[in-house]
Amino acid sequence: MSTVEEKSQEVTEEQPDDATPVDPPEPPPATEAEPKGGILPAFLIGIVASLIVGWVVFPQLLYSKKRQPVDFNHAIHVREVGNDCAGCHYFREDGTFSGIPKLDKCVECHAEPIGISREEADFIEKYVATGTEVPWYVYAKQPPCVFFSHAAHIKMGHMECATCHGDIGESEHARVYQENRITGYSRDIWGHNISGYTRHTWESMKMADCARCHQKENVHQSSVQTKKGACFVCHK
Amino acid sequence: MKVGRRRFLAFGIGGAVGTALTPLPWKLMDDISIWTQNWPWTPVPPKGVVSHVNSVCTLCPGRCGITVRKVGDRVVKIEGTKGHPVNDGGICLLGLSGPQFLYGPSRVRSPLKRVGKRGEGRWEAISWEQAVSEVAKRMGELRAKAEPHTVGCLLPEDRGSVAQLFARLLTVYGSPNVMRRPSIEDTYEMALYQTHGIIGRPGFDLQKTTFLLSFGSGYLQGWGSPVHMFRAHSHLLSNSCRVVQVEPRLSISAAKADRWMAVKPGTEAALALGLCHVIVKESLYDKAFVDKHCQGFDAWTDEQGQKQPGFKELVLGNFTPATTAEITGLKQADIIELARNFAKASRPLAICGRGNGSVPGTLGEFMAVYALNALVGSVGRSGGVLALPEAEYLQWPAPEMDEVAAKGMQQQRLDGAGGDKYPLARYRTSYLAALLKGGGYPLKMLLVAGENPVYDLPGSTELKKALADIPFLVSFSSFMDETAAMADLVLPNHIYLERLEDVPPVFGLPKPLLQLCRPVTAPQFDTRHTGDVIIQIARALGGGVAAAFPWPDYESCLKQVLGGHFARLHKDGYLEGRVPELRFETASGRFEFINTEYKAKPAYTPVIPQGDKGVFPLVLTGYDSMRLAGGAVADSPFMVKSVDDTVLKKGDVLVEVNPHTAGQQGLAEGDAVVLATPAGRARVRVHLSHRVPPGMVAMPRGLGHTAYDPFIGGKGVNFNELIAPVPDPVSGLDAAWGIRASLTKV
Amino acid sequence: MKEEHRQDGPKKYGMVIDLDKCTGCGSCMVACMSENNAPFREDESDKLLSVAWLRLYKLTNGKPYPDTDVCYLPRPCMHCEGHNGHSPCVSVCPATATDYDSATGIVSQIYTRCFGCRYCMAACPYHARVFNWWDPVWPDGMEKYLNPDVSVRMRGIVEKCSFCYHRLQRAKDKAYAEGRREIREDEYQTACTQACPAGAITFGDLNNPKHAVYKLRKSPRAFRLLERLGTNPKVYYLSSREWVRRAGDNYLADEATGAGKHMAEHKG
């Protein structure tokens, strides 16, 4: 429900029929005195206002913006470390995926500064020197009920990282992390467009997105009840 | 423009229409539903690298190999180690509870000093330096007064480096009072010595046995090495071998056996001798073995030239099927049939020691079972009972005693074990309550490590009072157990998952097995390895005591005393010894049915339950269950959760009463009653059960903790509060299988 | 692409529990609780409220001493197949929070989808489902041992045994990383199967002739619980005792059990 809508209702309710002034700055005139012509503009104003609120204001309010603790440059790392994404985001022997590297992976190269950037010096001083893990915000973090297998998608499905993660590997700066104030999850899950409309596969990571692709590729469409993907494929 | 009612309405409707054209309502609904599915107070376990670390579980004497699953540095799960000689991948519920013990609320998180009244639960957290110096100061004072022998020490076992560090400390300090709680292992040790002349323990070759005859041994309730026994039982089943259980109550071991022989309580030895009678009389015994390896089967003349009756005479004269049937309450035909089947089996084996083995029993009974095994040739052969000589695997530098220590060590032990009256016994700790009150001298300081006597020894009500009179009680417990709760000082040990320590050979296995417990995680709290603390206490005492402890810490001590074993143990986790060859070191060099030196012999020694039959018309007996840890380690919250509601309901324990007996007493299912024995009384509830014979009340061991936390404590009644020890006249060890009791409805 | 995603024949994971070997020790219960992040409370003696996926039932032949006999029976979720995957519980769920997977034969339970109506609990003839009346609470520090592979459940939802499905997910991950599609029998075993000190539980694919369960379930000792309800459960029990097999269902006094019939055929 819209906040504007609520407000307007409140006002209408509180407005007594006997035209007692309640709104000091502009006491409303008697109903009969109201010109009939103002209805359509008011209706249109209502529509426009709520459209602005719903499409522009609401997303601003819904998401808090957070800077990553370190302004990470993916492009330079892909270039210098090599081996594409797998240089840092690799599979472990048991088939699990390492995800965001831990500090010890960074230290493999950054025990001492190897560049001249201020950002790197800060990173070494703040995290490497103290042995503190970097509290990265994870753009693709899924709720705890989700089991996502990178092995199934990358090793078996031969999918590209970019299919879900986009061109993050080419970024030179860490994007601002937008966190949904209600759910606590990243804006990337729903997608940047508040309508949920996406043009590319990497723009959102909701259950429907997984299901769509699974249906298209006929992956485990074995649920007797839904005739679609079984629950215990992606859930735990 | 003026804002009127209609315009407002129009504005509102416009707003509603507009809102419906935005994603706002749908997005908000989605977000709120996600929020309700992920409450912030529901923990989300963090992911991480999964690793597996092997070690040994030392929560019970079974010593299973464990594989600990870790996620990051968190211990998440404990599993049995595949291919391990004890448990080969299996694990019991106590072993599975490790993570609950590691992170549980009952852990003692730092050294504690009592500030309130004894047992009041008011503590002051102190530093380790202060804790060590307070113990050393007390010990120093007693030594200065030439009373070092008034310091005692209570341990779960006497094998292993930590136990031997304690013994070493007390030796050079000047006290003979190192105590351990005796069990069936002690009686087996004695029986082995009497029959084989070997100091050591028996091994049971269950993998090759074809007929297992158990005289009340709870081989599926914690007897021996529990998981090993479970696997052995399954192996027997898979190979269509027979299992017969002799026991008055239908325990789970009895229920799983092919045949349950419901004998009158306490008469198992009579049946063993009755079976011998049939086997001898019908000449079913292994003549080759008896002729070649045994002594005392026929009458013989001793060194003094006196004629001694042989075992043959003993059983033929006294244990006819008719007599045995009368004693045991079994049918003659069943006894004869069992004897024939047992003797005719290709590799039969008889075992004894009741329940989980916590009550030592009579030496006569154990020797009777040994005799039965010998008759069928099942001594020292595959599928039979083997003799594993005690092999000292730790090499200690000889300690030097000063004058005070030498004098102190000459004092009689407080428990009288090894003295004139009970020369065979090594420990008589079951009588601790009586000893503390009426022993030769008062105990002024007691160190308790790895034991929980206030809970675990029979007659615990009396013992609690007696312990309260000891001026200085030190507990080394990792948990706030009943004894720690009464202590003056608690010096918390690391738990086994945080510890490096040797694990001495396991009782009952066919081969000697030495293991090493390795830390799987860093210590969670400000605890310290008891081995380190002993060394630090010794150093603080100074002089000759300190000189006997030249190691900087426990780890270097362990490396030295384990010598060459350390590296291999550290790599593989365990070292398996060889199965020893058949040999006897008795005076005759043979298996002695009747010991030529001590004249100890197979016997049925009736153990009369304490109490007046008029006042206490019933008999109370304890039973063991894997779901209740009856010993020094308490249940975990998960284990308590697994207990049936016919055993524990709310805070009440249910005791099994035969419906016939209940009918006579006017009792119905669930009735609250007072269960009284000569040792104590408690409120319990009645559970009608045909598993117990009329006249018997059966109560589980392992409930009734008063300390720990609300998940473990305050549930039911401790069986030890209601029982009292009854000595076997020969060994002096506790042989009580029950106590007289009464039930009164409340 | 589509060709590659096709599964290599549907699996039907199931369990065979040998009641002759089972000692009722409770290790399976605790293994399950430890693996699956079960909560615990101070008083767990009201078994209707106690959250346990696997329970042990005590059966007795009802005869007086000394002819009495007892037998324990571990009861996980039976993962009923019903007729073509229409298990009793799944059929009634209004939220599609539980479904039957024809590729594995596992009945799922999705906690975030469940809204706690408990219709499934009423539908399950085995009492295999439990409702969370309370939020789970771990004493300070104890939440450290929680397993990240299994979701921690919140108050107000129904939960049940999943045949340790997460272990299959893990095993698949490993197989995929090694370039295999098939997983070996020993790679996917439930926590209770792995722990059982008596080795009484066998787990595997009932469709696969190479798996141990395939043969075991055809044993003349085999029976299933309340088989005649048509639930078509995937947990089989073995017992050599006729009274135990009879206790598995409601038999008339003069009626032979399924296993008894098998035995008659076997001998004939």
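Labels A, B and C are assigned to the chains in the order they are written; within every chain, residues are numbered from 1.
FYI, a residue touches a chain if its C-beta (ideal position, glycine included) is under 8 Å from a C-beta of that chain, and two chains touch if they have at least 3 such contacts.
Bear in mind the structure is a predicted one, so any value in this text is a computation, not a measurement.
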item: Most extensive contact between chains (C-beta pair count); value: B-C
item: Reference chain B; chain at largest CA-centroid distance; value: A
item: Mean-CA-position distance for chain C and chain B (Å); value: 33
item: Centre-to-centre distance between chain B and chain A (centres being mean Cα positions), rounded to whole Å; value: 57
item: Interchain centroid distance [CA atoms averaged], chain A/chain C, Å; value: 39
item: Residues of chain C touching at least two other chains; value: 111-112, 152
item: Chain A, residues touching no fewer than two other chains; value: 94, 96, 143-145
item: Chain B: positions in contact with at least two other chains; value: 37-38, 44, 47
item: Interfacial residue positions of chain B with respect to chain A in the complex; value: 1-19, 21-28, 30-32, 34-35, 37-38, 40, 44, 47, 49-50
item: Chain B-facing residues of chain C, complex; value: 20-21, 23-27, 29-31, 33-35, 37-38, 40-47, 50, 52, 56, 58, 60, 62-66, 68-72, 111-112, 135-136, 138-148, 152-154, 191, 194-200
item: Interface residues, chain B side, partner chain C - complex; value: 37-39, 41-48, 71, 74-80, 87, 89-93, 96-97, 99-100, 102-105, 220, 226-227, 230-231, 233-234, 237, 250, 252, 255-256, 260, 262, 524, 626-627, 636-646, 648-651, 658-660, 690-694, 709-711
item: Chain C-touching residues of chain A, taken from the complex the two chains share; value: 91, 93-96, 143-145, 147, 149, 151-152, 155-157, 217-220, 222-226, 230-233, 235-236
item: Chain B contact footprint on chain A (complex, rising order); value: 1-2, 4-5, 8-9, 11-12, 15, 26, 28-29, 31, 33-36, 38-51, 53-55, 58, 62, 92, 94, 96, 99, 143-145, 180, 182-185, 190, 194-196
